[in-house]
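In what follows, chain A forms one complex with chain B and a second complex with chain C.
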Partner chain A sequence: MKTVLNEQNRRNFVAQVESMLHDKLSKCYQCGKCSAGCPVNFEMDYTPNQIIKMTELGMEDSVLNSKTIWLCVSCNTCSTRCPKGFEVTGIMDVLREIAERKGITSKTEKEVQMFHEVFLENVKSHGRIFELELVGKYKLKTKHLFRDMFLAPKMLEKGKLKIHGEKISNLNQVAKIFKDFE
Partner chain B sequence: MSRIGVFVCWCGSNIASTVDVEKVREEAAKIPGVVSALDYKYMCSDPGQNSLRNVIKEKNLTGVVLAACSPHMHENTFRKAAVKEGLNPYFVEIANIREQVSWVHEDKERATAKAVDLMKMMVEKVKRDKPIEDVRVPLNKKALVIGGGISGIQAALDIANGGVEVVLVEKEPSIGGRMIQLDETFPTLDCSSCIMTPKMVEVNQHPNIKLYTYSEIEDVSGYIGNFKVKIKKKARSVVEKDCTGCGECWNACPMHKNVKSEFNLNLSERTAIYVPFPQAVPLVPVLDRSVCLHFKKGGKCQKCLDVCGPKCIDFGLQDEIIEETVGAIVAATGYDLMETSMYGEYGYGKYKDVVSGLQFERLLSASGPTEGVIKRPSDGKTPQTIVFVQCVGSRDPEKGVPYCSKVCCMYTAKHAKLFAHKVHGSQSYVFYIDIRSTSKGYEEFVRGTMEQDGAVYLRGRVSKIYEDNGKLIVKGADTLSGNQVEIAADMVVLATGVIPKKGSDKLAQMLGISYDKYGFLTESHPKLRPAESSTAGIFLAGMAQGPRDIPESVVSGSAAASKILGLFSKSEYEVEGTISSVNEATCVACFYCQRVCAYNAISRKEIKDRNGNVVKVVANVNPGLCTGCGACVNACFSKSIDVKGFMDDQIYAEIKSLAV
Partner chain C sequence: MKLAYYPGCSLKGTSFEYEVSLLKILEAMNIEVKEIPDWNCCGASAAHSINHNLAIALPARNLAIAEKDGFESVLAPCAACSNRLKNADYELKNDDILKKKITNSLEMPYDSQMSINNMLEFLIGVVGKDKIKSMVKKPLAGLKVASYYGCLLVRPPKVMQFDDPENPVTMDELVSLTGAEPVDYSYKTECCGAINSLSKPDVVMALTGKVLYDAKNHGADVVVVACPLCHSNLDVRQKEIERKYEEKIGLPVLFITELLGLSFGINPKDLAIDGHMVAADRVLKKIEELSK
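Now for the complex of A and B:
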């Protein structure tokens, strides 16, 4: 792949990412420890360290359309182990956010993107997760109604799924967070 | 009758695991003349040495053979132990059964047989050893330093401050070398001339230093303690002692165009009579006769002389040969930058705005052609985007050199940093293969260039640079993201590799010291004798030995100086006694020995009768130069020359011992 660096665009993109990330991309020295420990690396199109470098080079289209940003499960293994203390998980969040705001739909990871959307809706209305509703809405959206269905009784048995959702007491504060964000 | 003691060392398991040391000892005991044979775990240890001394004393030994490691390791140890018991040190012989046997063989039986053979040979040799006295050479306590760069200056100052006279010879009109061309120095960013000029001035004012600038070494002969040096003082056309350095002459010179300044690496012009830079030491101009109108047009122009107050310009001055006798020499000849013409794809020379690292250094420097304002050579505009390309010529065995030039990673980081400091809002890109920043504060410095000063580093080489619409388009790779990258730059700086100073190989030949295939002067031992050359009395310093940075150059200059001060702290220099000696009775004066001698150690000697008539001419060995290599022994037709301690009868006896 060939990239023609447009300096102004590069700088704008880097500035945008860095301001949201509260960290500097140049901190990364490309040792690859993040990629080495990443549990979902095998499914990614670009490794986490490549995503950082590409972002630094202003390769906006490539990173925002990558599988990687949606496949990241935010397990934080990378950030915990990073010798430079770089927010590796954070950059995935930031890039997902930018992609979402730009209305970029992932071609390959639609369901992951939908899950994120449903998840946030759920938090917005309850202030916390109501699993049953989350799963229900996700299944309706993806139309995979019966997938993983047999897990439900087990989860119910162990008290992992609740029939009635609970809302937190100060829901207006959560609403404020969402408002500030939007 | 010989009374020989044989000592077989186990060297822990180093020897004992492959050689049956007890068998070697038993075999030794059988040899006629051997009165004592012992084996011990570590002969070099204190108890080992003590047992050696006890046996010498008790058995009144006349010779000692150690079957142990290489004589390079412990010959000295055992000789000293023997001397303490009153034995001549040359009655100690080493059979090397470690490096030459146990370390290189696997079959224990055959290795043991070989060890026995080596031991036997040494027994026969030691039986025929004769006492040898070390040779003492008188020392002229004066040093010559070749090269007035930072390492040469450091060496000269250290020697001079030690109370020894120094002759410092510099080829260029001023001392200062490469370092004075630099702007600020990594990693502390102190300005080069601020830290360099005090040292230059100190050299000039030092009562123990005699400074010859614009001078070259014409010839070197002699040996440690007694080098005869011919220095060619090139015609400066200015009488140094009268010149005040006022500058009237170079201001008056009409030749102020078309002559490129060597000091500014062709980025500016100079006059025919010039000082290379304002802080030059000595501040005495040089008249370049190849461009001066006075010399080109038959003496018509003499505007410089007209304005000169002290009338110190002398068009008739001639090259002068000065002879000095010194006891030791420091070769600090420095380095040059590699040509980049082999990289046509980078367009150096074709595009004005593609410059070398040292040229960029001049563009940054306050004393440079742009007075420290970064301007492109093509149109004088301040660049906003600069691409730096590292490893241009270095680490490229195909087109350049395979070695790493060591300083480029750091100076490129410094360039990017200074560019960011001087041009706000600018952007630099650095193409690199690896970042090598291994000294104190270096890694932090490079990280700072990236993290604080915003330089973008791309891991990969540049394949092509071309001009398009007033921009230099740099096509490179970023191997970390796996992309081909294209950057439009205003300027490109190539971190060209370093090579030895042009002509340093000739100088090395003149000095009789060795250099490697690139032309860098080689150390006597790369780790343990890093300041010494292969020739006694000649020391090395600075980039002449290989790529290194300023601190390392200073260290090496000081190291050479301390070696010389150590040498001069004795009244005489001791040379090992195992050198050639001529049998004057049989020498036929064919001088084949002289022809094969690599050290110029053989000269003609006339034997005269009491009336002063020459009776005979014979070969004569200079003990200061002879290394005892034995080349002359092979060349001698009349068997008149021998290396002491390696006489023919000894060698034959060694061979015969194997025939039994």
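Now for the complex of A and C:
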């Protein structure tokens, strides 16, 4: 872990996170309530309160490459319970978005990241989710071809997997949203 | 009041049972809702995870169309959709710069006058308890029902403005109206991990397993939900969870709309209850026996 940090870089990183988050990192006094109630803390490399402190200290590489930001399930238990009303769930969104913009691919949790990317591609091409195509493309991309496949026959039989997707008529509007914000 | 309906993608696919049952009970209660024309995906958890502006703009398009068409209220039965619609509405109300960016991109105005309701809010607030109670023809007395809320219906409370985030009771109240007995258990607002259902199945099974085993250990005959993503995890993955933890669960998972429909005396087939992966036969049989 890199421990010698450049103060200007630290300030820039903190400013970027705080402006995207609309919240102040210094609000957090490290009580750890967020981490105690986190349902996925057992899988994380850094607990949520550590991520907040590390961000404040400018440990950009460590937080952007952490497992934690991709393992967070956005359940908002942390933000709901935070005694300071800090946007704990929000900081995970912000850090994921910065990692994504910088082109950082998670080494350990790339499936999570890929799922989000494939999901948005699906919305972009149809305006709605076509589940079968989403799952197919995700599997091709991650090469987990057989995982969960045993569920497919029964899901088909029950009518849960639609063979045809729906496309919205005004796809141009959705394309414009993506063009403006992607 | 003109009521808009935002089905979202899951209700047109893997959770079609939710849409079938909800339209059926609304029809029985003579309540008309109209699908938002040409609605698009809200972006769900993927958009907010990696692109904040998209996470606001995608749901905002649906809200702006609904507003333009003269709707005052929208029903979003999927907990993730209602969560994203409310989040977009909240941010557009509170951030003028963002609002300008988004409405410019949409080329449509949005006045934030829309009331956004999840399924439970709609049933309690728009339909009303008295109306629901008057519809119950076949009380489900003796049936033990665990209400599972998950996260998206109640959190974050400052945006959702719905029920108590740690101990919500709305769904339990609806269960009581059907004559069934609400089960008190510990995991009703613990997350099932839906966001990573396909990418981290092991984590999701650990989280979902806790909910199912706890509901079962507290004597539940059935679990009810108001979210298609919760349903997919609790129902579709249940067999796999049993294999992983080597302990039988066998708990049917119904949408709250299906439970209400059963108490209204609607045929289970018309509520698409046979569309679930975990067969609800045992529960349907118990209901028949109890009503004798």
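Quick note on the criterion: the second predicted complex is superposed on the first by the 155 of 182 C-alpha atoms of A that agree within 3 Å, B and C clash if a C-alpha of one lies under 4 Å from a C-alpha of the other, contacts with A are read in each partner's own complex, and residues count from 1 in each chain.
By definition in this document, a contact is a pair of C-beta atoms (placed from the backbone, for glycine too) under 8 Å apart; a residue touches a chain by one contact, two chains touch by 3 or more.
Because the structure is a prediction, the values reported are computed rather than measured.
Comparing chain B with chain C, the partner in contact with more residues of chain A is C. In the overlay built on the shared chain, the residue A:I177 is in contact with chain C alone; chain B does not reach it.
Of the two partner chains, chain B is the only one that A:L5 touches; chain C does not reach it. When the two structures are aligned on the shared chain, A:L161 is found in touch with chain C, with no touch to chain B. In the superposed pair of complexes, A:R147 makes contact with chain C only, with no contact to chain B. Look at A:K67: by the touch rule set out above, it reaches neither chain B nor chain C. In the superposed pair of complexes, A:K33 makes contact with neither chain B nor chain C. On chain A, the surface touched by chain B in one complex and the surface touched by chain C in the other have no residue in common. For chain B in complex with chain A, the touching residues are 385, 427, 429, 447, 450-451, 454-456, 458-459, 478, 480-488. Interface of chain A with chain C (complex): residues 20, 22, 39-40, 43, 71, 73-77, 79-80, 89, 93-94, 96-97, 100, 109, 111-117, 119-120, 123, 127-129, 131, 135, 138, 142, 147-148, 151, 154-155, 158-162, 166, 168-170, 173-174, 176-178, 180-182. By the touch criterion stated above, chain C contacts chain A in their complex at residues 9-10, 12-16, 38-41, 43-54, 57-58, 61, 95, 101, 105-107, 151, 155-157, 165-166, 190-191, 193-196, 198-201, 203, 207, 236, 240, 274-277. Residues of chain A touching chain B in their complex: 1-5, 7, 11, 24, 26-27, 29-30, 46, 49-50, 53-54, 56-57, 59.
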